[in-house]
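Comments concern the structure below.
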Amino acid sequence: MKLKAAVVGLGYWGPNLARNLAGSGDFALAALCDLDAARLERVGAHYPAAERFTDLDAMLARIKPDLVCIATPVASHHALAAKALQGGAHVFVEKPMTMTGAQSRELLALAERLGRKVFVDHTFLFTGAVAELNKQVTGGNIGELLYIDSVRINLGLFQPDVDVVWDLAPHDLSILHHVVGVAPHSVRAMGSCHSPSGQADVAYLHLDYPGGVSAHLHLSWLSPVKVRRMIFAGTKQSIIYDDLEAAEKVKIYDHGVDFDVKDLEERRRVLVSYRKGDMRAPNVPATEALAVELQNVAAVLRGQANARASGVDGAAVVRVLEAAQRSLAQGGALVPVESA
Amino acid sequence: MKLKAAVVGLGYWGPNLARNLAGSGDFALAALCDLDAARLERVGAHYPAAERFTDLDAMLARIKPDLVCIATPVASHHALAAKALQGGAHVFVEKPMTMTGAQSRELLALAERLGRKVFVDHTFLFTGAVAELNKQVTGGNIGELLYIDSVRINLGLFQPDVDVVWDLAPHDLSILHHVVGVAPHSVRAMGSCHSPSGQADVAYLHLDYPGGVSAHLHLSWLSPVKVRRMIFAGTKQSIIYDDLEAAEKVKIYDHGVDFDVKDLEERRRVLVSYRKGDMRAPNVPATEALAVELQNVAAVLRGQANARASGVDGAAVVRVLEAAQRSLAQGGALVPVESA
Amino acid sequence: MKLKAAVVGLGYWGPNLARNLAGSGDFALAALCDLDAARLERVGAHYPAAERFTDLDAMLARIKPDLVCIATPVASHHALAAKALQGGAHVFVEKPMTMTGAQSRELLALAERLGRKVFVDHTFLFTGAVAELNKQVTGGNIGELLYIDSVRINLGLFQPDVDVVWDLAPHDLSILHHVVGVAPHSVRAMGSCHSPSGQADVAYLHLDYPGGVSAHLHLSWLSPVKVRRMIFAGTKQSIIYDDLEAAEKVKIYDHGVDFDVKDLEERRRVLVSYRKGDMRAPNVPATEALAVELQNVAAVLRGQANARASGVDGAAVVRVLEAAQRSLAQGGALVPVESA
Amino acid sequence: MKLKAAVVGLGYWGPNLARNLAGSGDFALAALCDLDAARLERVGAHYPAAERFTDLDAMLARIKPDLVCIATPVASHHALAAKALQGGAHVFVEKPMTMTGAQSRELLALAERLGRKVFVDHTFLFTGAVAELNKQVTGGNIGELLYIDSVRINLGLFQPDVDVVWDLAPHDLSILHHVVGVAPHSVRAMGSCHSPSGQADVAYLHLDYPGGVSAHLHLSWLSPVKVRRMIFAGTKQSIIYDDLEAAEKVKIYDHGVDFDVKDLEERRRVLVSYRKGDMRAPNVPATEALAVELQNVAAVLRGQANARASGVDGAAVVRVLEAAQRSLAQGGALVPVESA
């Protein structure tokens, strides 16, 4: 039997959720919810089977959905998700999951108490490219992970209420969280603001992980060209993931550096040898990430799979954003990331 | 009449100096100097008109050169350049000019006292690409400079005695010094070392300039691909300088962002408008930079031009490297750059 | 008042026509027509205001549309368009317009007799990129046009009933017809077939135009990579139009070759000088071509503009295809293109 | 013992031959020969051990070289090579080997009679990239070879005495001859001339091989951009060889098309299935091709290897050029290639 799903918030992303739920074999799109009646009308016209609501409580009471997908501005995530959980539904929340780590913690505790599940929409994890990247890194092919560099820059779009870190970094942080598997212990964030809004439009994040791995993010709304490129450098292989490449998004370089310490007394005498090998770009499936993600959500709700992006993961990303925000305000000071 | 020039140090770069001096209309290559007699022999065979020396003092005494070009390891720059100045010659020193700001200061004071000139070999400034870049930025076409990002990464080559900052950053720092025109007031440097040498092989430098401009450098010996790319973002135009492009090294984007503050009370209500215009890649001459540079040196010595890369510029770069080194050692702490 | 439009054929392209007509300020989407009732239902669900028909005659009789858009397989274009014209409508026909030059001629004569108009859907002409290209070439910036080379290759999709020439060449031929302004006088076509279908899957067309200009097309369903790239070489400038570039589809190179004949007796002594200038990529608007095209159609029907892609243009393209087909069958023999 | 080698002709390519012979472990550079005494002096200065001659006969009589390398204009190849053979030397001749197939035949017959060997300088065959390409194609990885497309275009350099076909096609034809392994049976060549010289500056060659494989070449001196790109499409894999790529010159695509004929009566019902697999760019060594080539020549002269580019191969390329020239003069008529 299909699970009953509702979408709350029909701005930029909500219609994609509605389309994927309506086309899914797992879910029935039972309800649409938005404060803006005109928008509700316009989107709703494509889904005659879904009831329309401007009030969340009314929707929950009448539909009793299995899953509520929340695609509203981030400031409202916590309150709406809490309401949905209390109404008996599982929730699927847009990223970033909440405004603060404290909100995330509360939400997870509430869900725990009510026996409901929280999912976070870390869509990128469900692309063929990131799945391949993750397989290579966690499967050990690249050897020991040395460092990660990410560039996510373009011209605009300036947001009225968030800075470039809250706008762009959740993508990178969700990928890093998934692939590295542990949270960074500290962050430095350096940014600058060139508009009268007071919000940073260029920022650099430097994350230090346990075990000496570091990751570095370049985020910008002021670049003349669009770049989406991550480097994962390892001892045996290195990977470049370029999301703007049409056909070869993931390139695996069979290159490496070997160090041979000849004389332990004198650490300076290190023999370095380079290995330049083949490059390989595995074919990655081009299925829509959101469809794959909703399959995972359904499988979890049916007890058939583990969540690839649970509320715990969403909370981990929020804690890094929070630390970055604090570091940014302090001009790049080292800020520890709170633990779960 | 041609100026008498000598080259000291015939390792990697010295032979290029010798070739350009020998082919120059301004200089006569009068002497070659190296401690390694076999190397002296090998390189010297191509320049029968140049006398060969293993001793700098002997060379200075016998040849009395107008210009001594020093292309030895950086640790010896200060001592050799001082000797050459005392021997009555002007000096042209490889970059980085010295190991410390104090050494640079001493050298400049000595030259001042002796009425001799110090040049630093900031070769990149004499490429057609950087000349074009400089013209665009300082000529005001790009409007107000907002921020600069540079990526200079590749696989190796690990150096036995310097880290990735001292190896790669002098290129960026000499370009930044030339184009921005002022020194940064502070630096943060974050790096990591993955070899047993203890020297950083990946590093990020964050430079803050007076007036709010910042520059960010990504330097790495651990990248599977080679990248040489700088972004100069301005209010009216932005420029990308990619040194690995065969034909279009400098691309000027006529893009911009305009902010219109409607309500001064409420700074949040900023209207943002984007302008997407043409891209233009000016044709830049492909003449050898070193030849152009030596023409500038000769013109300065003849009182016909100003130095594009004087010892003062070399010292400015060394002071940033010194501050970066200190920040690196302190895990990214903010370190002020000494003033001249 | 809006013009009444109908779409006939709801396969691959028809739904795009329906969507653009429905969203247009010039047209009302009054009817949809398809032999397949299920397809009619599926597409029609999005356009409740449009009546649905499986029979063209019934539609024409009841709706009396101003414009009938025909997006059925090419073999049926002639018969359906003739019927629509006789039913009093103007017609807008998918490319290629008909199977033969004779069919095109008949259709144009019929329209002439009935005082109706025929448009052909040469969509590419309405892209920002081709409009810019056309402006540069016909505006004289590139000097005298020397030659044109086009590559349109990819892996598949094999068609059951047409070869690679009829599938891919109409795009190039419509652009060439528009930009060059005259028809080629002869064609050579060389192709090969690697499937059991007997249809060419790789082909090369060589077109000779009056005045010495030639154009060359590489068409393939067997290339591992997708390429969409045209070169227009001129005496003063040359242009590369690459439809797969995200941001810089049209690049204008200010390069040229000048010939100076020193000695007219001895034509061999030609002094050649090269000019390497700037490259410029004008910003081209990214509006949907089909929307712009339908605006042009409406403006023509209202007597406010000339057709950018009329039936006469459609017929010209069909005559070249016909000649190419004949040349292909004769292994590359020179085949003259029929005149209008 | 080293073989005694002489270089005849010190224009563009001769100095590269001299440098490689002088640096070789197999050859001693014993003589340099050029009609231009100043040029002889200039180049000879770098090789004090080589005697200098303005007269070939004098050189042959005095030096008695084992190998004479001929790097003069193509019109003189036949006469000079014949003289060198008669003087007792083996010959290594620049490509194209001779002006006509008849000249090639004569030269080979003469060498046969005198028991001397003829090598042709098909340098590209000795690059790591073409060796890899050849291994993939002839080793069967790509399945059955379907077709080959090559683009070799740039701006100039116009030659005073040869057209674009004789200038550029020898590179492609030598690679095709090596990789395909058989000669094409016929050629069509279409070209145009835009200078007063009367020589084609743009040309297309269409070659048909036994067994249905065809190859197509686009050659131009009028392209604003430089391209060096060959596609080898096969049933199992396809290869793109791009000589201008810095690091990934050979890309192997594991793509393919499979045809399944369901109904032999009705050939039209062909099921097509596509396979999109990984791409792989093997690491190819970057050693200088000419050095590898001269090692092969030495090994052949010592009876230790077979020639990778013998006079027989040079003659095969000349016969295709000759047929192309004839087809060009006849406006693209089908011209059979003479057999050996």
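The chains carry the letters A, B, C and D, assigned in the order they are written, with residues numbered from 1 in each.
The working rule: contacts are C-beta pairs under 8 Å (C-beta built on N, C-alpha and C of every residue); 3 or more make two chains touch, one makes a residue touch a chain.
Keep in mind the model is a prediction, meaning the values are calculated, not measured.
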Have a look at A-D versus A-C and report the one with more C-beta pairs in contact. A-D
If you average the Cα atoms per chain, which one ends up farthest from chain B? C
In whole angstrom, the CA-centroid distance of chain A from chain C equals 43
Can you compute the centre-to-centre distance for chain A and chain D, using the mean CA position of each chain? Integer Å is fine. 53
Contacts with 2+ other chains: residues of chain A: 225, 247, 276
Residues on chain A engaged by chain C in the complex (per definition of touch): 46, 225-226, 244, 246-247
Residue ranges of chain A in contact with chain D within the complex: 247-248, 254, 276-283
Quick check on the complex: what are the chain D residues that touch chain C? 146-147, 149, 151, 155-158, 160-161, 188, 190, 192, 194-198, 202, 204, 206, 212, 214, 216, 218, 220-225, 231, 233, 235, 238-240, 253, 255, 257, 259, 261, 267-270, 272, 274, 276, 331-332, 334
